[in-house]
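We call the chains A, B, C and D, going by the order they appear; numbering starts again at 1 in every chain.
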Amino acid sequence: MEKRKDDHIHLAYSDVSQVGSPWFDEVLLIHNALPELDLADVDLSADFLGAKVSAPFGIGAMTGGTELAGKINAELAKAAEEFGIPMYVGSQRVALQNPSVRWTFEVVKQHAPTIPKVANLGAPQLSALPEEKVVEWVVEAVEMIDAYAVAIHLNAAQEVVQPEGEPRFRGVLEKIKLVKRAVGKPVIVKEVGNGISKEVAERLAGVVDAIDVGGLGGTSFVSIEGARALGAGLELYRRISEVFKTWGIPTAASICEVRSVFGGYVIASGGVRSGLDGARALALGANFFTMSQPLLRAVLDGRIREEISAVLTELKVAMFLVGARRVSDLAKVPRVYGPRLREWIEQRGLRC
Amino acid sequence: MEKRKDDHIHLAYSDVSQVGSPWFDEVLLIHNALPELDLADVDLSADFLGAKVSAPFGIGAMTGGTELAGKINAELAKAAEEFGIPMYVGSQRVALQNPSVRWTFEVVKQHAPTIPKVANLGAPQLSALPEEKVVEWVVEAVEMIDAYAVAIHLNAAQEVVQPEGEPRFRGVLEKIKLVKRAVGKPVIVKEVGNGISKEVAERLAGVVDAIDVGGLGGTSFVSIEGARALGAGLELYRRISEVFKTWGIPTAASICEVRSVFGGYVIASGGVRSGLDGARALALGANFFTMSQPLLRAVLDGRIREEISAVLTELKVAMFLVGARRVSDLAKVPRVYGPRLREWIEQRGLRC
Amino acid sequence: MEKRKDDHIHLAYSDVSQVGSPWFDEVLLIHNALPELDLADVDLSADFLGAKVSAPFGIGAMTGGTELAGKINAELAKAAEEFGIPMYVGSQRVALQNPSVRWTFEVVKQHAPTIPKVANLGAPQLSALPEEKVVEWVVEAVEMIDAYAVAIHLNAAQEVVQPEGEPRFRGVLEKIKLVKRAVGKPVIVKEVGNGISKEVAERLAGVVDAIDVGGLGGTSFVSIEGARALGAGLELYRRISEVFKTWGIPTAASICEVRSVFGGYVIASGGVRSGLDGARALALGANFFTMSQPLLRAVLDGRIREEISAVLTELKVAMFLVGARRVSDLAKVPRVYGPRLREWIEQRGLRC
Amino acid sequence: MEKRKDDHIHLAYSDVSQVGSPWFDEVLLIHNALPELDLADVDLSADFLGAKVSAPFGIGAMTGGTELAGKINAELAKAAEEFGIPMYVGSQRVALQNPSVRWTFEVVKQHAPTIPKVANLGAPQLSALPEEKVVEWVVEAVEMIDAYAVAIHLNAAQEVVQPEGEPRFRGVLEKIKLVKRAVGKPVIVKEVGNGISKEVAERLAGVVDAIDVGGLGGTSFVSIEGARALGAGLELYRRISEVFKTWGIPTAASICEVRSVFGGYVIASGGVRSGLDGARALALGANFFTMSQPLLRAVLDGRIREEISAVLTELKVAMFLVGARRVSDLAKVPRVYGPRLREWIEQRGLRC
């Protein structure tokens, strides 16, 4: 498990982890040559599931469970605290099963005491647990990082392409309902790179507080597992990874899918690579966006503050150039969609 | 004839035989992040023209008639029997005309006694035969492999690009009706790489039990014959091959063409290269799919079991990721079509 | 003048003369897997403006006026006579002004006594001539080759890109009417590589017997003149050629333009490169098609018979594969248009 | 400031300054094979905001303020006077703040006494000035070059990507109204490379006399500032430049945006690279077009007369080939739009 976690970090750092396109280039926000405001008037402050944060941007779910992961979490937490933005942790199962690595998650609450933190557990694991155990795990995961919200990740594609995978999704929706009842916190359901469809969002509506689309077009665990399979000489897994590498709903399309049927909070992730991408996600109807891989790289390269700062500046500039004073103004800015996104919206009957 | 058969095998093995695209990449099945089933729950069992088989997948029509062809048929038959999937043989004319090579087809019933086997004859040959002779041939072809069904192949493009070709299709439909009357078995009409249109499918409706679309985008006999012509210095045939290399209806489009007007059993072939392609074919309305060239390569490379196993796993994974428990669920999964397929469907007035 | 004519021949031979695409690849004729006829049943015979010819295919307007041109015309004429197909000559002005080169055109009637021959004069030249002189020229041009029909070419783009050009089109339509009145022969108006629009076709309807679209996508005189300008150091002309190189209406689109409003005889030319392209042109509504540059190359390479024979075979094969027994059947074969041609048809309100 | 001005000139000269496409290749004017006029009949004369000029073409806003800029302005002015076409100057702020460089603008009225000259000031600077000062500046700018009209440039994107930028647009519209009231001359509002939307044009309607679209697809100040940031090691600015390099409305689309809602005079600029591009801009509804960077290059290369002459010839040829005798005829010529421009027009509800 430890080896796999560190493999994930190293492979995620490399280009092999990045697949396809999130289709943000299919969202052309119309330039406003006469914004009638100063750049300094642009206000990035946002609401994260009821909490005030300094921007509609946060650190996506990544890691925990190893020495290296602990260090990364500590650095990310410090930066999040400084900038006043939310942070997810990676899947906490490892620490629930092995208390000796709890510290690798606990560092987050130590270094980021005031910002909203998001706990993280995987749907396949919950699927296999008895009800009492589910409640016990969630309560402990929240406590571990003093979480403001809990994320349950859906990663069906990842589970099928790894030899040690657990492709079990029977009863998952009931377990999610149970989590929502058991924990007095906002619950987020998130994908990890293959996106959420409107059919899935419809089933989650009224059940969870937020959907994090986790769309196709940035980090791909199908590709990461394929690289591992190649290294291990597992031909069948390598081949499945190859076939399903571009499987999924591009992030921009997934935001439209979810927003069309889901009245709750929508988080954009998967291939967001600049504050401009973030502005496009918000224009499509997301309330918030996260980045993962680029922040991992920035931590490992010792430039995490520069990275976050650049994203926030780009978001501010994008808002200025469309004449949006507040984050909520982005939902109304004129735009033109590229042909692929337009077709998708039309064929799927979305409102976007 | 013997030389031509072996040439076909060698050229089919090489990349020169593969032309264009079957447009499966124009069929995006929508990811279901919450499939509410386990991978183990997915059931691949299928019906092949009334026979129970373990998957909606079989070995396409290929060969027979030479020493090498006999060996290939034996290996394919063993694998088909092991996996419990149907198998076609190649055109049996050679054995009807030359009894000394009957064994190259008979090996199939010896090594695959229980699975459905499909006999194979060409339309141009039937066109030239008197009625009694047609019946005699078909009966003998069925008996030769203990066939469950009979396939008549239409290969107009192939016949025009080979010097020894017989581009004769006058009266073919009447001969097909005769075959259907004469043989108490399901009759399949199949193309070999240029696809079946709705106009042709309309003429076949009520006449035959199944249509195997044999669409453009995988193995191309136009290209294979072009390579032979080049080798033989036949400039005119080489040039015709060049001009008509991409002639035909891409497999995905052909499935829509046929399904729109034909109520019978639809088999997808031509450029199917993974279980995911197979799932897309079934989503478009096919009941079954076959592969030919990749299985030929796998036999010659000594990895036929691995190949079939990979295809079945990929199909299972695709079904899991769209939340399809049974094969028949695939016809209803949400999807988005790419621009070429969408235009085709619209301009041709298809229902797909 | 002599030098220019030979320059044209040498530059037309080279690839620099070929520009853009005639959009024949935007016309997908639907494969008919069950043509219900034999290849031998396909009948290529056609009507050329009232004359019976052996195929709907002829030799386009090219040359005359120099030693080399005379030899080319003789070779083309011999081949046309052998195959029983029509032949145009190049612009005859040179011979009208300089009787010593009349023989370079007269060889055509000597070597091709029985086939329909087409005389050729340019609109800009007629524009400048007094009425009596126009009649005199036309009568003489007809007599020179014993012409069956007279073609007047419109070449506005060519005239502007050459230093010695005569970009004069004032009163051209009246001169065309005069030619029609003066000569008891079918009159064809043709472009030379930039196509005829429906607006122009409407003006020609009721005036001339035939329109030869001469569309964009094959030989480009704008490009040929650009190469000459480059060689001569004429920077302004080189630049204009560069800017207007892709100017014009692609041949496939031009056929639709003309066919939508013109009830007369339609000839397709410009970038026809195989009998399959010819079949596509006929499917779009043309009655006849010609090739120029490929036949020039074939003559110079000593394989003119092989070239014509290949084109006729390809046409026959295309007809067989769509189940067309006669040339007139092509207009009704099912087809799918590519996105560019489809958009063009829609935006221009054409019927095609 | 002086250094920045000269940097701009040198970077504008190089290819790094040219970004994206103005989408003129999405405007296909339909060839008129029978123009019924002579090239010599084409009349380029035009109206520039009430003044008679010899063509609908002028020299765009560029420079002033340095030794080199002064020389360039003198050369441009001489050529403009010779050809009888209008000329803008670059932003005059530098001369208003530093009288010692006034001469670099004054050369324009000295060398081009009779043609319409356009004064130039930036919106962000006006935004910061008190009302009286605005009037004072405008009056002085007009006097400095004996201007016929005044242009106020909007350059929001440029201001955000330079360290010394002034991204201030609060109150700009009021300042523009003030300028219009204070100066008895036509007022033009212009972008500098990111285009004007219909929403902005609606706000300017009734306020200003002309809109110069300054669209995306030619010279990009975002890219120029990015090259400066790279040279200066300013990573944040380099990155913002990278992210926003293709930000904006392509020129062809911007002409449609503005023309759809604005009844005044429309000037096309941004990526116009030939007289044919100019003809396309006029066909879309512009009244006039300018080029900047190509004229800067031509001056520096000592071939400004050749450049202007080529543009005028190309425009004349384009008009001839569509059968347009006068500039105003261009608005009615038949055309086909490419897919991107068509989608834009449709999604934005434009009339074009």
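Everything that follows uses one rule, which is that a contact is a pair of C-beta atoms (placed from the backbone, for glycine too) under 8 Å apart; a residue touches a chain by one contact, two chains touch by 3 or more.
Chains and their UniProt names: A, B, C, D = Isopentenyl-diphosphate delta-isomerase.
What you see is a predicted model, and the numbers here were worked out from it, not measured in a lab.
K.L.:
Which chains lie in contact with each of subunit A and subunit B?
P.N.:
Touches both subunit A and subunit B: nothing.
K.L.:
On C-alpha atoms alone, could you tell me the rotation angle mapping subunit B onto subunit C? Nearest 5 degrees is fine.
P.N.:
So the copies are related by a turn of 90 degrees.
K.L.:
By CA centroid distance, what chain is farthest from subunit A?
P.N.:
C
K.L.:
If more than half of the interface residue numbers appear on both sides, call it same; otherwise different. Which is it for subunit A and subunit D?
P.N.:
The interface of subunit A with subunit D is built from mostly unshared positions.
K.L.:
Round to the nearest whole Å and give the separation of the Cα centres of subunit A and subunit D.
P.N.:
43
K.L.:
Averaged over CA atoms, how far is the centre of subunit B from the centre of subunit D? Could you give it in whole Å?
P.N.:
61
K.L.:
Which positions in subunit C touch two or more other chains at once?
P.N.:
In subunit C, 339 touch at least two other chains.
K.L.:
Would you please name all pairs of chains that touch?
P.N.:
Here the touching pairs of chains are A-B, A-D, B-C, C-D.
K.L.:
Could you list, by residue number, the parts of subunit D that touch subunit A in their complex?
P.N.:
So the residues of subunit D touching subunit A come out as 123, 154, 156-157, 159-160, 167-173, 191, 194-197, 199-200, 203-204, 235-236, 239-240, 243-244, 247-249, 339, 343-344, 347-348.
K.L.:
Of all residues in subunit C, which touch subunit B in the complex?
P.N.:
30-41, 274-276, 306, 309-310, 313-314, 317-318, 320-321, 334, 336-337, 339, 342
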